[in-house]
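Quick one: the structure is below, and I'll ask about it shortly.
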Amino acid sequence: MRLWLKRLYRLYFQSDPFKAGLCLLAALTGVSILLGLAWLLGKALWDLGISAWGVDFLRLVLGALWVLLVLFGNALLLVWVERKVAGHMQWRIGPKEVGPFGLLQSIADAVKLMGKELVSPRYVDKPLYLLAPFLIFMPCVVVLLVIPFDPHLQIRDINVGIVLILAFSSLTSIAVFMAGWGSVNKYSLLGGMRSISQQIAYEIPMVLSIVPVVMLSGSLSLKGIVEAQKVPYLLLQPVAFFIYLISAVAEVNRTPFDLPEAESELVAGYHIEYSGMRFAMFFLAEYTNLFIVSALLTTFFLAGYKGPWLPGWAWFFIKTYLVVFVIMWFRWTFPRVRFDQLLNFSWKFLIPLAMLNLVVTGGVLKL
Amino acid sequence: MVAEGLLRDLDAIGCVVEEVPYERKGYWFDVKAQKEKLPELAGAFDQHGYFVEEVVCVDWREELELLYHFNHWDDPRRFSVRTRVKATDPEVPSIWNIYPGAGWHEREIHEFFGVKFKGHPNLSYLFLHPDIDFYPLRKDFVPVTEEDKRVLLGRFPEGDEESFWLNMGPQHPSTHGVLRLLLKMKGEFIEDMEPVLGYMHRMQEKMAEERSYSQYYPNTARMDYVAPLAFSLCYVLALERCCGIEVPERAQFIRLIAMELNRIASHLLWLGTYLLDLGAATPYFFAFDDREQILDILEGLTGSRLTYCYYRIGGVYEDLNEGFLEAVDRFIQRMKRRLKDYDELVTGNAIFLGRTKGIGVIPKEVARRYGVTGPNLRASGVAFDIRVCEPYDGYRFLKPKVALREEGDSFARYLVRLDEIRASLSLLEEAISKVPEGPYRVEKLPKRPPVGDVFFATEGARGEVGVYIVSDGSDKPYRLKWRSPSFSNFVSFTEIGKGMLIADAVATLGSLDLVVPEMDR
Amino acid sequence: MEEGGLLVEAVGPRVKLGVLEEFLNLARANSLWPMTFGLACCAIEMMATVAARFDLARFGAEVMRPSPRQCDFMIVSGTITKKIAPVVRTLYEQMASPKWVVAYGNCAISGGPFVFEGQYNVIEGVDKVIPVDVYVPGCPPRPEALLEALLKLQEKLTGVRRFPGPERRW
Amino acid sequence: MSLVLRDFSFVLIFILLSFLLCFLVFVVPWVIAPRSKGVKAQDIYECGVDPFGSAWVRYFAPFYLYALIFVAFDVDVLYLFPVALGYWREGGSDRFLVLLIFLAFLVFPLAYAWRKGVFWWRP
């Protein structure tokens, strides 16, 4: 163990990109071999003809593993990508010294946060304060359940997938508000208030921009929507696409809509009193939500996993991370909007526009 | 001219007005008045459109002398109004209801000298820590009386049912240092505010009295550390004016070049941090990268990156180094290209416009009453620039173009600063082509300045930097008072900031370009 | 632990394993998040260190957290006056441990150029208020000095220096 | 057991899973993280100074107005899904009328709120 640590030291400090690359490659190979074995096992069991319950159980176990992989893998990757993207947009390099190309940076962050004290201030409302990180994390896990990563890689194709996603993702705003209110801090209170108004304001245009998609595809299941897309709906519904994109950025609280945590106004907003892993949960949820809204955008408008030559999941991830990159690009380019501008932009512009779009779509389809 | 009309009025009030040599004193008229006549006098100045530059108190042991410096935008001939009060029971009528800006200076004087201003609504602690139980700038040890302590501890903020008090600062990302604002919030709106300064009060004025003129000099750079050369220049020029030293032309040009470079660096830093306040991170990195180019040039010239100690009484420390002028020229060409980038990235951005246009408007009248100067004033449509109104040093040979906007909002302040960068660039271009040959400093300097007082004002990156020095003929200043532009600019925010959204307050506060240690001194 | 007459308590973890601690320290060293807290002149150099030319991000330390709960070390970048001292102390106490302090600049070390006979407002050194881990002299120190301070802090944590020091230069 | 129940048993299990995971993640720092004590360590953070009064205050009205119109809206918007589901393939052009009626229900509260000045912020 000590020896292994010594090796890790050397890897960190006398960073040898080649060796580290080899290590990474080995790790990736290991993971893919494991996944392949699991798939083989599943296939064998399927061939043996196990009962539907057995299949479901297997699905559940593998699904849980997959969700964990996506959750943590994505967060670790996105933290690194964001810092790198930000760095390169700002004429600097970004994380570089920790591991090859700074790849181990997010792992170092995660481990560090693990070993950080959990401060719970004296006057907080304990139940709300403690429950908020749980609640913010929960929707992320559940929503991943219905996302079709590949024709064969969807944990459960629930036939009301969209409704499920909408229901659970609005839980985020409740969690944020709980955090803001429970912290008994004025800044976090302002953050929580902002968050809840913002999320409800942008949920409506979001829903209204999905309705045309449902109209076109005639399905509420995400897989059904992807299957129904002969051409990406981006071409048929460009307005809905942009409304969804804007609302998505607002839903995940990112610049230019990062008002609940607006650093220069509210210091850190709703998570101001959270430290260590509790704060990390908000962080994790932010990046997972970023992934989820991008994945949904891909599913609804960019034909999900469909694409030539490459396998489905590859297309899915390429498209999703492209959207993620665009959202990051927004973040490092735009200033923050003001709060009343943000709300009024939704109520006075996006919602009427979405309605108009809906009417036009309905009219074109029927008349 | 305005001054003549005023002089007639002053005669009518019954004050003794004496015309003094501007070249030696830094002001034109010396007005002696009884303290009872102060409000009437201030009213006369107000009628003629004067603004208060600063209020100074000098302790003459038996008596305290209060000095009000008035100046006019269109007729920049400075009036110095003096009144004397007994040191044992110093009480003067306050002029805060005529000049609210002066009211803030009065608060400062009350804390440091114990002068009571009759009729002032709030004389509580602004700069000092409550533990300091004497008046620090008095020559003798004078403890704070019980009664005065009560006044100083003053008001304790109380919220009502609808509103709450929120501390913004001292540790807050957008107060740029350790400024503290107590905001009375009603939801997202600011109902009232109570600033608390003095977290960076570093006793600059007390220190000046303890150290000799040259020992104190390096600390001038540590006040406004973003554009330190303005303060250094002001100090140096004030002493030169006092001693009547004529500086070689080459030194004047070198000073001008360094000063303008520093001004650009300061505006760039402001640009970066302002956009950061508005939530855009990237311009910060761009602006800092350009600023580094300037720092490289200035480092070659002065030897340090930030707190320069380059100007000397009677010239500069070192002659221009090799390749300096070429480097400046390269920088000018580069910066011209970069300004286009900023225009593309920031100026046309719809969100940026939405955040700044029409936000934090400083009307001319408010600017006058609070003594706002610098780019903030020029954004309100007043072409008042010390470099042009009272040309000093190299600015006697080269006139900068005054950037001017009428709107007075945050966006106008942004545009004025960008225009000032442009103006400075063209000024630099002209200057580097005209640097004359010759000595870069005076060889023989007088040992100590003569008895008397002197005022000098320069145009810093934030506004009018002024220094008032009273010399008693020794090697230490008897009294030294800084006029800090940030302080006057900031106090105007206490008026325009009321009723704002907190986000607008951040946008306005950022656009005022405050440097806290300069306010606190 | 008694520090400069002021009580600062640090309690170790409930379970402490040597290897685990080393591993954690390794991670901590590589993800030191500073607090957004500028005091005076040195804060400008601190900002310059984060900016493009010096790029603190290379060591994973560019995540400036304004809330003390979420950051790992505090850069005291300026003079400590009587008025700001309790604030600095409160912020330090409110940081989640493990936490470190870098005294950046002469003012934070000893009061710097603002100490003179009869001074009434400057506290001569931040270590009279909170414990300090790394001192960086200079008025103001250059950005490179802050990078060096970061490396020193890492060295303090891991016992290994990232770059060869002057004695090991090849 | 019906398909719906089986679907949602997945959801339930995932919820439990997420809670478990969160819990685990919070236990680890409790065990291995050092702790600090101080006079003000447990106090509410407000820029490093003592806060005035509690943060639980009566908050100002515009936020609640937004919340109210949202309630009016959200329920209605969700009913759009059934309308949209079979919109294209089934039924005649009278479906368009249904859609319009639904949207009218949405437009009225918005127009009313707009007219009443809910979207106009003032102190």
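When the chains are written out, they are named A, B, C and D in that same order, and each has its own residue count from 1.
By our rule, contacts are C-beta pairs under 8 Å (C-beta built on N, C-alpha and C of every residue); 3 or more make two chains touch, one makes a residue touch a chain.
No experiment lies behind these values; they were computed from the predicted model shown.
Visitor: Kindly list the shared contact partners of subunit A and subunit B, in label order.
Guide: Joint contacts, listed by label: C, D.
Visitor: Counting C-beta pairs in contact, which chain pair ranks first?
Guide: A-D
Visitor: Would you mind checking which chain's mean C-alpha position lies nearest the centre of all protein C-alpha atoms?
Guide: Minimum centroid-to-centroid distance belongs to C.
Visitor: Mind checking the centre-to-centre distance between subunit C and subunit D? Centres are C-alpha means, answer in whole Å.
Guide: It comes to 40 Å between the two C-alpha centres.
Visitor: Approximately how many whole Å separate the CA-defined centres of subunit A and subunit C?
Guide: Whole-Å distance between the two chain centres: 34.
Visitor: Could you work out how far the Cα centre of subunit A sits from that of subunit D, in whole Å?
Guide: 17
Visitor: Based only on mean CA positions, could you tell me how far subunit B sits from subunit D in angstrom?
Guide: Averaging C-alpha atoms per chain gives centres 49 Å apart.
Visitor: Mark out which residues of subunit D touch at least two other chains, giving numbers and ranges.
Guide: 30, 32-36, 41, 43, 45-49, 51, 55, 57, 59, 63, 121
Visitor: Identify all positions of subunit B at which a residue touches two or more other chains, and write them in rising order.
Guide: Residues 164, 166, 170-173, 187-188, 284-286, 289, 501 of subunit B each touch two or more of the other chains.
Visitor: What positions in subunit A touch 2 or more of the other chains?
Guide: 90-92, 114-119, 186-187, 193, 263, 267, 272-273, 276, 340
Visitor: Could you draw the chains as nodes, link the ones that touch, and say if you get a line, ring, star, complete or other?
Guide: Shape = complete; every chain linked to every other.
Visitor: For subunit B, which residues count as touching subunit C in their complex?
Guide: Within the complex, subunit B touches subunit C at residues 128-129, 131-132, 134, 136, 170-173, 176-178, 198-203, 206-207, 210-211, 218-219, 222, 225-226, 269, 272-273, 284-286, 288-289, 291-292, 305-307, 516-517.
Visitor: Mind listing the subunit A positions that touch subunit B in their complex?
Guide: Contact set of subunit A toward subunit B: 86, 89-92, 186-187, 190, 193, 255-256, 258, 262-265, 267, 332-341.
Visitor: Could you pull out which subunit D residues touch subunit C in their complex?
Guide: Going through subunit D, the ones touching subunit C are 30-41, 43, 45, 47-49.
Visitor: Within their complex, state which residues of subunit A touch subunit D.
Guide: Where subunit A meets subunit D, its residues are 56, 60, 63-64, 67-68, 113-123, 133-134, 137-138, 140-142, 145, 155-156, 158-159, 162-164, 166, 181, 183-189, 193, 196-197, 200-201, 203-204, 207-208, 211-212, 214-216, 218-220, 267, 272-273, 276-278, 280-281, 340, 343-344, 347-348, 351-352, 355, 358-359, 362-363, 365-367.
Visitor: Spell out the part of subunit B that touches subunit A in their complex, as residue ranges.
Guide: Touch residues, subunit B against subunit A: 164, 166, 172-174, 185, 187-188, 275-282, 284-286, 289, 345, 349, 351-352, 354-355, 501-504, 506-507.
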